[in-house]
Amino acid sequence: MPLLNFHVFEGRDGKALRTLLDAAHQAMVEAFDVPVSDRYQTVTQHRTEELILDDTGLGMTRTQNALLLAVVTRPRPQAQKVRFYELLSRYLHEQCGISPDDLVVSLVENADADWSFGRGRAQFLTGEL
Amino acid sequence: MPLLNFHVFEGRDGKALRTLLDAAHQAMVEAFDVPVSDRYQTVTQHRTEELILDDTGLGMTRTQNALLLAVVTRPRPQAQKVRFYELLSRYLHEQCGISPDDLVVSLVENADADWSFGRGRAQFLTGEL
Amino acid sequence: MPLLNFHVFEGRDGKALRTLLDAAHQAMVEAFDVPVSDRYQTVTQHRTEELILDDTGLGMTRTQNALLLAVVTRPRPQAQKVRFYELLSRYLHEQCGISPDDLVVSLVENADADWSFGRGRAQFLTGEL
């Protein structure tokens, strides 16, 4: 159920993009312990002037690989979120060659009543999920 | 006041897009009981590889008509949200031919202080709204 | 740390866009009292039919300059938010010629555990920030 919204710079081809989405999905499934079919991802590709990711003085080296991942999820324990950042950073590095310095993540929480996955039903309320 | 962010696949013309936005707006106005002029909508059109909407094992049949609607709203009763999913699914089907299987919705709540509709004012705080 | 997502109409060149982002950043830094390097901004440019910003009957005159700013931030006092709307409206007018009638803002709050600025770490939890 988490919704993962990626903001990346233009320039990746379809295959590279898919590898990135797959790696992020793997990290999410492991950290949040959800089914593999719990996959909801959007990508917005930006020109250079449309995406600014500074570093709040942390000394990150950002490149054209830099990306922002904005997640919407039901409440998660802090340990799961920390684990997600770690796994995401690792898998994007291992599977896509993205530097850990190039990854910014922001989460927002919502609740059971805030999701419908089809057929106009709120599946967390109906008991279907 | 709800903000409706649509993520759709490329391919609809301007008229089809407008019909979609109108139908969703009608559902929102009825379910949330807000003025007709309470309309704030964005659309992001995605290439096939930029939007993945799986189904968490619910057995939905997703097509190129599939869309994600991400809503930001002040707190709403659960019954209003459920009603919104139902009406949205019905109107998109009736008015746009979109299958109920092709609709994913995610809501996030905020508060009165979190909105400004113009002139640098927070109209839910000033009493203007 | 606030994340600022801009939704604008197509038509601005790179320089005009940068001036807009700079002005909004200045307002955010002053109102929220954060470091200048606390800058995280995305821009999505929309065709006319992809962005609808009505006015809930408030009598705003929207033009092709109209924009929506969707912000994600850790909790902020109400006074900071009100100050942000005021400064944003003023600076966009002074520095970009954008009418105060053309500005819509929506905020969503999250928490310390909800941010990672790089290296797979949650810097508000580790004490780095």
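Chains: A, B and C, in written order; residue numbering restarts at 1 for each.
Keep in mind that, in the parts below, a residue touches a chain if its C-beta (ideal position, glycine included) is under 8 Å from a C-beta of that chain, and two chains touch if they have at least 3 such contacts.
Please read all numbers here as calculations on a predicted model, not as lab measurements.
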Interface composition of copies chain A and chain B: same or different, split at half: different
Copy-to-copy rotation for chain A and chain C - C-alpha atoms, rounded to a multiple of 5°: 120
Where chain A and chain B are represented by their mean Cα positions, the distance between them in whole Å: 21
Contacts with two or more other chains, residues of chain B listed in rising order: 44, 108
Chain B-facing residues of chain C, complex: 7, 44, 46-47, 49-58, 60, 68, 70, 78, 81-82, 85-90, 100-109
Residue ranges of chain B touching chain C (in the complex, touch as defined): 1, 3, 14, 17-18, 21, 35, 37-45, 72, 108, 110-111, 113-123, 125, 128-129
